[in-house]
Every structure is written in structure tokens, then in C-alpha cells.
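The following blocks contain the structures, represented as C-alpha cells.
Shared between the two complexes below is subunit A, which pairs with subunit B and subunit C, respectively.
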Partner chain A sequence: MDNIKLIINFLGQLLPAINITLIVSLSSIILGSLLGLLLAAAKMSESVVLRVLARVYVSVIRATPSIIMIFVVYYGMPMLFNNWFHTNIDGWNRMYFVIIALTVLFSAPASELFRSAHESISKGQMEAGLMVGMTPFQTFYRIILPQAFVVALPNFANSVVNLLKEGALTFTIGVVDMVAKAQMIVANNSGGYAWQTYCALALIYWVISLAVDKGVSLVEKSYQAKRKTIAV
Partner chain B sequence: MLTIEGLKKGYEGNEILKGISIDVNKGDVISIIGPSGSGKTTLLRTITTLEAADGGHITFAGVDKDFEKLNGKDINTIRRNVGFVFQNYNLFNNKTALQNITEGLIVARKVKKSEAEKIALDALERVGLSDRKNHYPSQLSGGQQQRVGIARAIALNPEVIFFDEPTSALDPELVGEVLKVMQDLANSGTTMVVVTHQMSFARDVSNRVIFMADGHIVEQGDPKKIFENPSEERTKKFLTDILANV
Partner chain C sequence: MSLNTDFMVKVAQTAIQGVPVTLQIVLVALLISLPIGVLFALIRIYRIKGLELIVKFYVSLVRGTPIIAQILIVYSAFPSLLNMMIGKAAFSINPIYYAYIVFTLNSIATLTEVFRSALQTVDKGQMEAGLMVGMQPRQAFWRIILPQALISALPNIANATLYLIKNSSLAFIMSVKDITAIAKTEAAFNYNFLEAYLVVWVYYLIICYGAEIIFNLLERYFSKYRRSAKRTTGFNWNPFSIKQPKLVVKTDLAESERTNNAHN
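Right after this comes the complex of A and B.
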């Protein structure tokens, strides 16, 4: 009973830091999806150079552990900026480095799932669009994309949950997110109540991931429902 | 109205169309018949610019050019003036029957939504599917989907509509309803080029039959002449085989 009380107490202390986790995750998901979209386009482009570049990029990113990516960006980018643009970015909010690292990480699986979703839509859909006079872009945007979106949704949710978990490494470069907060709580208690603290943390991640799954299935259901309404 | 001269097309060194010339006049209903693999689909796809041709000349809707010299604007012009009915319907799966028809009107032709819906309802009426206007493709039978496909093409009022084996993917009991719609279209003066294995349609509805084999037009002419008294041995053999199988 005491443990439960403790966990609830820790939940209260951890939750304020959820902002950081959410900002980092949401920004990386949005930016990573956009980058993934570009990569998917590169993978399917007619240019061999673009295709090879995209493939190499994705295979490198996929092979890079998140923590290494975060360190590479955190230590490497200021150096690059210094050498190439003669700009000092040491003073940047550290959160930006995490967002950049996670964006890069997220773009790889995103590009793969966008590409496969796109390929699952029959070529005939594009041809039908062209034959009613729409441009390739109009057809893509109005016909292909909405269908590919539904196909991609479950895998997308998976990638989002993975990203959330990778985001738990944010603390490693000194951003005070929920994980860092948990470490502080444990330190303040001289190492006591560690497992209750981390249980509280795990609970929060579990609820977020449940919320993502629920959100996705709601969107899916609303699509199915739309198909089923037959107004007479 | 549409003139194709010396159309050539190959895939990876294989010549599929070996110089095809066709003349389509307003109101023509032309049936293209021939063995599978003879290049009928490729012919329709190259004329409608879904596939780039390797050689030949097209005169149509103000475009008068070699196929290789078509620019983006010419391609747009050609696409805006043709309709295409696909073998496997290719209805937009995320759109209702009505939206399948209004989509091109609104997005490509910039017709007002209310106007587009009126045109679309008319088109659905013509194919006998007014009561299915809010159904999605997955909720329609193959025959109904193909009739929506036809409505989608006629709503745009193109100069000529190409049909690529419109009934081949259908269960036999659904073929009739689609053929009936096509016959009505033909009677109302729509210019149609129809690739088909339905010999009854070729013989009774069209005013010209083209027999294709191996990327060539072997013979063409009046349906009566082609069916009753073909000049070429290959035509005779093809017709004997196909009619024996009916």
C-alpha cells in the first residue's frame, strides 16, 4: 500500500517534466516525417544518384544506436557549424540537439513505411487520375495520399512508440526531461525508493503509448465508418 | 478527328507496336480485336499518353505532332480530350461513386461543385446507378464499378472514349449490364474505341472492326465484311477459334 502511495507521489513529481518529453517527441515526429517523405520520394525517384543516396542514408541511420546518434549530433554539430559556417552554436538549447538527432533517427523508418504504403496503392489509381485530367501531383495528393495514409497508420504508430522510448535518452546530454527528473528524485532520496520512482516513470510511458494506440485505432475506425455510411 | 500514323512502341528492345495507323471519325464506334499479347492495351495506352511512344505521329484536339515531340502542354491537351475505361475499373477507392465522377470535373476542369454534382448525377442516371451515388467502390459489384467507370469518362464529355476490355474482369452474369450501357452510348453518338473479346459487340454495335496481331493491324473494315468474309487468313483463323469457344 505504501508503495502505491509512493508511486503516486512520484508520478506527481515527474509529470511536470512531461512537457519536455512531449515537445521533443512531437517535434521529432513531425520533422522526421517530413524528412521521411522526402527520402521516400528520393527512393522512388528516377535518378539513380538520389536512390543510392537515400538507400545509403537509411541504412546508416538504421544501424546507428540512438544514444550514439544523440552524442554525434551534440558533439559533432557545433564543430561542423564552427568550421563550415563560422557560427558558434554551443549556446543552443540542448533540446534542439536531441530533436535533430531524433528527427534523423525517425526519418529512416518513416521513409520506409511511406514508401511501402505508397507502393501498396495500385498504379491504376494514378492512371485513372491522369485520365480524368488531374495532374500527377493532384492525383497524388487527393487520391493516393489519403489511401496510403490509412495503410501506413499502424506501422506509423509503432515507429512513434519506438521514438518515444528512444527519446528517454534525452537526459544523456543534460536536458531535464522526465528521466532526468527521476534520477534527481532518486539522488535526493540518497538512492532510496529507486524502483518506485522508475515504476512511476514506466507507468507514464505506458499510458502515452496506450494513448497513441488508441488514437490510431480511433482514426482507423472513423475511416472505416465513413466507408460504411450509405446515405440513400 | 483523331489520326495516328506509324505508331511504334517497344519495351526493353522488344518491339510491341510495329507502326500502327488509325483514323477515328466523330461518332465512330471502333472495335479492336486480336489475340492476347498482340499489343491492344499498349496501343490504347500510348495514344492516351499513359505510356510514351517511340515513334509515330498524332493529330488530335489541335495537337499535330510526332509522339516524341509532345511537350507537357500537348500531353495535357490529349488527356483532357480523351476518356479511358480500364479493364479493372480503377475507381478512386477513397471516393464515393458520385465523387469519382465529380473529382475530375472539380479539380481538373474547375467546374463549380454544385454544377459538377449535377453533371455527375446525370452520368450516373445514364448508367442506371443513381441509387448508388454514395457507395464506395468496395460496396459495388464489378459490373456496377465498371458502369461508374464509364459514367466517370462520359461526364467529362471527351472527344473519344477508349475502353480496354471493359468486361474481361467481370463475372459472366455481369457482362450484360455493362455491354448494355456501352450500346446505349454508341447509339447516342459517342465516339468510342473499344478493345474487346465480346464478338457480339464488335459485330453488332461497332461500325468498324480492327483486327490486330503481333503489333500490326492485319485487317480492318466493316464488321459484316470482317466477320463474314475476312480477306486475311489470320483473321479467319482468329475468328474461327474465338467463335468456337463461345
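Right after this comes the complex of A and C.
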């Protein structure tokens, strides 16, 4: 009983730091999705060079541990900027480095799932759209995209939850997010109540990922209801 | 770029001692969690009451929380727990055992999901066919269902392994001396973090690609057991090796004979 009380107490102390986690994950989801779209376009393009580059990029990112990515971006980017653009970015907010690293990490699975969703829509849909006189862009926007969106949704939710979990590594470069906050609390208690604190931390993450799952399945259901089939 | 290449070579030489540690963690976690994952998947598929709920809860909890939180919980809870059971000796345990525990618990959850979807891809008719020819349900499962499920699970097991290898880079938080930890301590001497992490990155790339190649080879090896209906279109060597009974169709003849007989 005491433990539960402690965990609830720690929950209250950790929750204010959720902002950082949400900002970092949301911005890297948006940026990563955009980069993923570009990559998916590169993968399906006519040019061999683009396709090979996109494939190499995705396979390298797939084999990179997230913490190494974060460290390499954090230590490498200032050096790169210094040498190439002669600008000093050491003073940047450290959150930007995490966002960049997570964007790069998220773009690989995002590109994969966009591509597979696009390929799952039959070619006849595009042809039918072009037949009735729509421009290719219109056809993509009005016919392909809504269908591909529904197909991509479950996998997208999966990747988002994965990103959220990788985002928990933000603390390694000194951003005060929930994990850092939990470690501070433990340090303040001089190592006491450690597992209760971390349980509270895990609980917050669990609730967020359950909420993502639930939300996505609700959206999916509403789309499924709208979907009309030819069969009467 | 002004990378300190001498230092990179030095880190590469020292960090290689961490490679066996990483591989050890991955292998132990995989070997323990594979059978348990199958078991949990079966519990979920056959909806064993009580247990099903526990497994569901466990999988959702582990998949919903970051591995760093799991590491912190295990690393803070287990030593004091063991302290109560075996006394002071608990604090002198090699931290790699905690790494085994965390990564095993973590990959059990991922593999449970993998096996659950793989077992569901096996057609129910396969089980029925097995029972038809007089196998026990257990025999049918071991000889017919499981091999097929394992083969279709291979790509996902490869994914889970990759995920495990990548996550094992966090073992340094438990003060396990793996690749990342060694590189980190090397780098801390004169602030050459970038060089050290680039070397570590290359090591992880090599390990991950190695694992991928092994799984690809396994897939190719096992794909020969996977016979699709299309394969029969090629030249069929079977008739030369197996003597098949000659089936002579004599319906026309029989009918004419019968009519002949009738005439007679």
C-alpha cells in the first residue's frame, strides 16, 4: 500500500516534465514523416541512383542503435557546422539535437510504411482517376492518399510508439525530460525509493502508448465504416 | 573535418573486447526467450483462462514502456530484492546478469507477438489433416504446425534480433562493459566522443548486418521446405525416383465392353 502511495506521489512529480517528451516526439514525428515521404518518393523513383541511395540510407538507419544516433548527432553536428559553414551551434538548445536524431531515426520506418501503403493500393485506382480526367496530383490526393492512409495507420501507430520509447533516451545528452527528472528524484532521495520512481515513469509511458494505440484503432474503425465495397 | 584517426584506431582496438559481451547478451536473451515466447503465444492463441490475461498484460506493459525504464527498474529493484534473499552477496553479482534479465524479459514480449501472428498464419486445415492421419494433437503440433510457423516467423525473428542488438547498446547504464561502455570510457579521457561513437556505430552496423546475413541464409535454407503450388510447373524429377502405381484409365473401354456385353 505504501508503495502505491509513493508511486502516485512520484507520478505527480514527474508529470510536469512530460512537455519535453511530447514536444520532442511530436516534432520528430512530423519532420520524420516528411523526410520519410521524400525517401519513399526516392525509393519509387525512376532514377537508379536515388533508389540505391534511399535503400542504403534506410538499411543503415535500421541497423543503428538509437543512442549511438543521438550521440553522433550531438557531438558530430557542431563539428560539421564549424568546419563547413563556419557557424557555431554549440549554444543550440540540446533538444534540437535530439529532434534531429529522432527525425533521422523515424524517417526510415516511415518511408518503408509509406511505400508499402502506396503499393498496396491497386494501380487501377490511379488509372481510373486519370481516366475521368483528373490530373495525376488530384488523383493521388483524392483517391490514392485516403486509401493508403487507412492501410498505413496501424504500422504508423507502431512506429510512433517505438519513437516515443526511443525518445526516452533524450536524457543521455542532458535534456531534462521525464527520465532525467526521475533520476534527479532518486538522487535527491539519495538512492532511495528508486524502483517506485522508475515504476511511475514506466506507467506514464505505458499510458501514453496505450492512448496512441486506442486512438489509432478508433480512427481506423471510423474509416472502415466509411469504406464502401462494390459488393451489395 | 578534423577527426583524430589515431584515437579511432585505438578505440577500435579496445572496443573490440566489448563485442563478445554484446553478442553474449543477445544470444542468451534470444535463446531463453524463444521457447518462452512460443509458450506465451500458445497461451494467447488457445485462450487459457487466467494465464491469457497475465500474458496480455505483460506484453502490453513491456511493449508500451521504453527499455530504459525497464533497465532502471530491474537495476534498482533486483539488487535489493536479492539482498533480502541471499544477503550481501547480491551486490557483488556481475551486472551482466541483470542485462540478461532485462533483455530476456523484453524480447519475450516481442517474440510472443511474433509467434502469435506466425501461428495464426498456419491454416487450421493443417492441424485437422494431421489429426486425420491419426497423429496425436501434440504430435501434429510439433511435426506440422510448429515448423511451418517457425519458417513464417523467421523474418520477424530477424527483426526482433536486430531490435535486441540495438537495444543491448543501453547495457552500459547497468555498468556492463559492452562496446558502448568501453568506447565511452576511452572517449572520456580527452573528450573525443565523436570519434569513439563513430567507431561504435561501425561495430553495430557490422554486427547487425552479420545477423541479417545469417537470417537471410536461414530463410533461404528453410525455403526449400516451403512448397508452393506453383513449383510443380517446373520439370518434375519425382517420377524418376519414386515408382508410382500405374493408373490406367479404362472407362471408355469398360463402357464399350459393358455395352458389348449387353448386346450379347
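Here, the second predicted complex is superposed on the first by the 226 of 232 C-alpha atoms of A that agree within 3 Å, B and C clash if a C-alpha of one lies under 4 Å from a C-alpha of the other, contacts with A are read in each partner's own complex, and residues count from 1 in each chain.
Just so it is clear, contacts are C-beta pairs under 8 Å (C-beta built on N, C-alpha and C of every residue); 3 or more make two chains touch, one makes a residue touch a chain.
Because the structure is predicted, anything quoted here is derived from the model rather than measured.
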* Dominant contact partner of subunit A by residue count, subunit C or subunit B -> C
* Scan A:142 for contacts with subunit B and subunit C and give back first, second, both or neither. => first
* Asked: Can A:168 be said to touch subunit B (first), subunit C (second), both, or neither?
  -> second
* Asked: In the superposed arrangement, does A:129 touch subunit B (first), subunit C (second), both or neither?
  -> first
* Kindly classify A:34 by the partners it touches after superposition: subunit B alone (first), subunit C alone (second), both, or neither? => neither
* To do: Report the residues of subunit C in contact with subunit A in the complex, numbered from low to high.
  => 1-2, 60-61, 63-70, 72-73, 76-77, 80, 162, 165-167, 169-170, 180, 193-194, 197-198, 200-201, 204-205, 208-209, 212
* Which residues of subunit A touch subunit C in their complex? -> 60, 62-68, 71-72, 75-76, 79-80, 83, 161, 164-169, 179, 182-183, 186, 194-195, 198-199, 201-202, 205-206, 208-210
* **Touching residues (chain side subunit B, partner subunit A) in the complex** => 48, 50, 76, 79-80, 82-84, 86, 88, 90-95, 103-104, 107-109, 131, 134-136, 138-139, 152-153, 156
* To do: Enumerate the contact residues on subunit A facing subunit B in the complex.
  => 122, 124-125, 127-135, 138, 142-143, 146-147, 227, 229-232
